[in-house]
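Across the two complexes that follow, chain A remains constant while its partner is chain B and subsequently chain C.
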Partner chain A sequence: MKKRKERIDRGIKVRSEDIFALCSLREMLYLSAPRLLPILGFLVLPLILGIYWQKVLLSVAVFALLAISWDILAQSGMVSLGQALFFGMGAYSAGILNHYWGISPFISIPAATIMGGFICTVLLLPVLRLRGIYFAMVTLIIPLMLVRVIEATKIFGGTEGLHGLTPFPSKWLDLYIVVAALLVALFGLRRMMNSDYGLVLKAINDNDRSVMNAGINIYWFKIQILFISSSIGAFAGAFMTHVYMFVGMPVFALDYSILPIAAAVVGGPGSLAGATMGAVILVPLSEVLRGIGGLRIVFYGLFLVVFVVGLPEGIFHYIQRKYNQFERWVEVEK
Partner chain B sequence: MSANPLLQVTNLTKSFGGVRAVKSVSIEVNQGDLLGLIGPNGSGKTTLVNLVTGFVKTSSGEIIYRGRNITNWAPYKIVRLGIARTFQMVKPFYQLPAFKNMIIPLYSPKVKRLAGGKYGDRDAIALDLLEEVGFERDSHVAFKTASVLPQGYLKRLELAKAIALQADLLILDELFSGLSLAEVASIVPIIEKLRHEGKTIIMIEHRLKELFRIANRVVVLNYGMKIAEGSAKEVMESDEVKRAYLGTEV
Partner chain C sequence: MIIGTIIYAVINSFILALMAIGFNLTFGISGVANFAYGALYVLAAYLSWIFLNLLGFPYIISAVISIISVMVLGALMYRFVLLRVRGQAISEVIATFGIGLAILELFRYLGFVGFEYTLPVFIDKSFFIAGTYVDMQRVLIVIVGLALIFLLSLFTHHTSLGLAFRGIAQDERTALTFGMDSDWIATLSVSFGAGLAAIAGTIIIPLGTISVGEGYDVLIKALAVCIIGGLGSTSGVIVASIVIGFAERFTDSYIGSHWTMTVSLAAILIVLVAKPSGLFGKQKELEERV
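Right after this comes the complex of A and B.
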């Protein structure tokens, strides 16, 4: 007897898509729970975690920001291998402003966010016409080149970097700043990607010639999204500069390029919530595996492979499907 | 020929390496024309359209639209000036539902300026336009992802996207190819209606019978050169056209 899997929307989903959802507390909860859960989680976790895990949460938020910044670029047809460029540019901008001019973190971070975004956009402007692997290769090479430039010219502290930068006045403040930034980026950009503007960006990824044929200057749209994405990465970098009170060549390290991509792929590419979920899983996992020493990378790699092979759609899409639909086996009609 | 043609192509040439795809072609299109552009496969019809719409850069020659030299302009600028086209190989946004495909042309600056339409309004405009080209309103076809639509609907979607741009000159590249007789018969009135509304249309076609019924003028290309121009009857009586289509006796 042949059988096939049938997926059916849950009754509560069908009802909740309508205005009548407002008539039932249960249905309102069904709709809002997926949004409330991450908000509450990120706001409450700092209060209940110990100091060590608070630092891990901070890293989670930073890598989630980088993963979101990667994902919006990828959704617009620009696959980047160089989030480290955005991160490093923001980090150095904030570090320079603070070290040479003594500018407070509350000004240097917003300024570095815009400066970093602007510089990265200008740097990548000539390669916006490239697609796929060609664009990716350029984004991978630029941060590696910048490291060598800093090393060779000894500018901005050279290999030593810039030390003694101003920290945040309180550990709670830095934690809540980055958590708030993550939530704003996650929900704000999700809204943007679901609007008609986001639809144009996704269409550029799908078929750029057809978008050009609709009278839309795709390069102008690419510039805008590149600026938004690189500003998010630059914010993460500028923020970490003041947390570490140091900026140096490691800010251009490959980790800041690869881990965000791994997070977005494990979480579910094409959804910003997936990118965040990926960071929430991978960063703490990396910390937990620290205890097993040298084999850490092996287990970490194995975990990644299992996830990518077992759930190619990503964890977020899997959970979303399970939340909205139930599955059952039905006989195939003869 | 009119003193002020809508589109004037003069001595247009395009070479791809050693191959000259279009050789010194000159064409004039007047306001309200329905010009048929025909020729055997590889005669340079689509290259000519790609040159006019800016998708391919010219080697030499001039393209004048409403008195402005638009040679080698970027495609999006040409669309904003009032020239819209469809593609021979349909280019829908496969990941999006059919009606969401329409949002892209409706988002273009020119249409936003002319028709307005805020977020949400565009969905309604999109559904109206799709209904105009034959997406039945009471069916779910407009809400299906473009990747699952049959060729007939994809061609209609391509036409609807061009109509949405509110262009004065529509260039339809092999709109009828791959369609059944019934499907062609249902699209012909839409094209006639567009012409009635004052649109100028250039149609590249291999379905000559259907084309000759609606075109007022026909240009024939062969090996990148214009070999005939005139009414459907005139061009079909031309010996050169007969040779191009049927070949010569050995």
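Right after this comes the complex of A and C.
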């Protein structure tokens, strides 16, 4: 007796897709709970957590931003192995503005966001026509190269970095700034990816030739999305610079490239919520695993392999499916 | 001075060619960009070290065991990981990179860092060529490099397995109709690539120490050589290693050792921007890239 698995949409999903959603509290909750949960979570958590875990939440938000920035690039057909480039550019921009001209964080962060995004876009402009792993290789190489250049020329503090930058006036402020930025990026970009504009981006990922055929300049779209993505990364970098009050060569480290990719792959590539979810899972996990030291990165590596091979859709899509559908075994018809 | 620089540049070119040839073989045949390549290179050296110093095997036997075990690991990696994501280039890259990361960071965690982690040279001798001090290990690298390139071209052009390799590389579907098992050939190609990485590691590492950072550097150098030469082209690898090998050595002598790595990285960028198919790439590869 052969059986197969059948997946059927839950009744409440079908109903709540319709106007009836407005008539029942339960259906309204069904629709809004997945969206309200992260918002409430991120807004309330800072109030109830201790100082140590507040710092963890902060890095969750920063890595979630980086993972989101990785994911919108990946959704538009550009897979990057070097989120550290965006992060580092933003970090150095903010650090330089603050260190040499003493500009306050409230101006240097927005300025560094735009500057970092602009510099990264210009740097990657010549290789924008590369596809697949070739683009990935270039993004892997540039941050490594920049580290060597900084080391060799000793500019901007060289191996020492820039110390004593201005911190935020209050720890609540920095926590809520980054949480707000994360929520805005998450929901704003989700909306953007669902609009017609996002449709073009996804089409570039699926088949760039046919998008070109439709008379759309894919490079102009790629430039725009590269700017958006690298600005998000640069914001995360600029923000962290002022939190640590330090900027130096570690901002181009492999961690800032690997963890966002791991977060996006574990959480669910192709959805910004998945990327956020991945960061929410992985960063605290790595804090818990801090006791085992360097073995953490070994686990990241293995996580990547296990998820790419075993659960390529990621945790978010898996949960989403369970939330929307139920499964049952049925007999295969003869 | 100039002659010494040239001699060392030639040796450096052979080192680069040895580092890149396995990556190139794997990519050329199965299309898998093996980002665990640098990790396998370092793994072979660490395994040799463990067999030699902890288990007390003779050097030659421990080197052979480590090369064979890295080859087996490569085959297993293909069978259990890469086969499931075959054809999805990005998943392959992420998966192999994850494996490489796990191997390298495991050694870092286990504390395999320091100057005592080094392999002995094969023959402890040195002599002067044209007034330049050259040790036997570097001469061996040149000899092994030449021999491997020669044997590899003999293998791919004159043995049935080698011809099957090239058949799969040229057109997988047609090769399938001739009864060549593409999964098996791809397994072998990853395994051979891993083996070449291991041989390169075993023969090059005695020049310095075994370090985790070396794993990342080797990956980048292999990528640099392969991208510049045109991925999958053996003559491209040779020319590109000569170009980078000379460029690196001359930068080292006349500009400063800080800039050595930057040269190969910059070379990749310039080639990818100016001629994306690489110096010896073919049109087919161009389509994949642009």
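Keep in mind that, in the parts below, the second predicted complex is superposed on the first by the 315 of 334 C-alpha atoms of A that agree within 3 Å, B and C clash if a C-alpha of one lies under 4 Å from a C-alpha of the other, contacts with A are read in each partner's own complex, and residues count from 1 in each chain.
By our rule, a contact is a pair of C-beta atoms (placed from the backbone, for glycine too) under 8 Å apart; a residue touches a chain by one contact, two chains touch by 3 or more.
Nothing here was measured: the structure is a model prediction, and the numbers come from that model.
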{"item": "Touched partner set for A:Ile261, first chain B, second chain C, both or neither", "value": "second"}
{"item": "Which superposed partner A:Leu302 touches (first chain B, second chain C, both, neither)", "value": "second"}
{"item": "Touched partner set for A:Asp196, first chain B, second chain C, both or neither", "value": "first"}
{"item": "Dominant toucher of chain A (residue count), chain B or chain C", "value": "C"}
{"item": "Partner chain in contact with A:Ile216 - chain B first, chain C second, else both or neither", "value": "first"}
{"item": "Partner chain in contact with A:Leu25 - chain B first, chain C second, else both or neither", "value": "neither"}
{"item": "Touching partner for A:Ala136 - first (chain B), second (chain C), both, neither", "value": "second"}
{"item": "First, second, both or neither for A:Ile51, with chain B first and chain C second", "value": "neither"}
{"item": "Of all residues in chain A, those that touch chain B in their complex", "value": "195-197, 199-200, 202-203, 206-207, 209-218"}
{"item": "Complex interface listing, chain C residues touching chain A", "value": "33, 81, 84-85, 89-91, 93-95, 97-103, 105-106, 108-109, 216, 220, 223, 227, 256, 258-259, 261-262, 265-266, 268-269, 272-273, 276, 288-290"}
{"item": "Interface residues, chain A side, partner chain C - complex", "value": "74, 79, 81, 126-127, 129-134, 136-138, 140-142, 144-145, 148-149, 151-152, 254, 258, 261, 265, 292-295, 297-305, 308-309, 312"}
{"item": "Chain B residues touching chain A - in the complex, by the definition given at the top", "value": "53, 55, 74-76, 79-80, 84-85, 87, 91-96, 100, 103-111, 119, 122, 161, 165"}
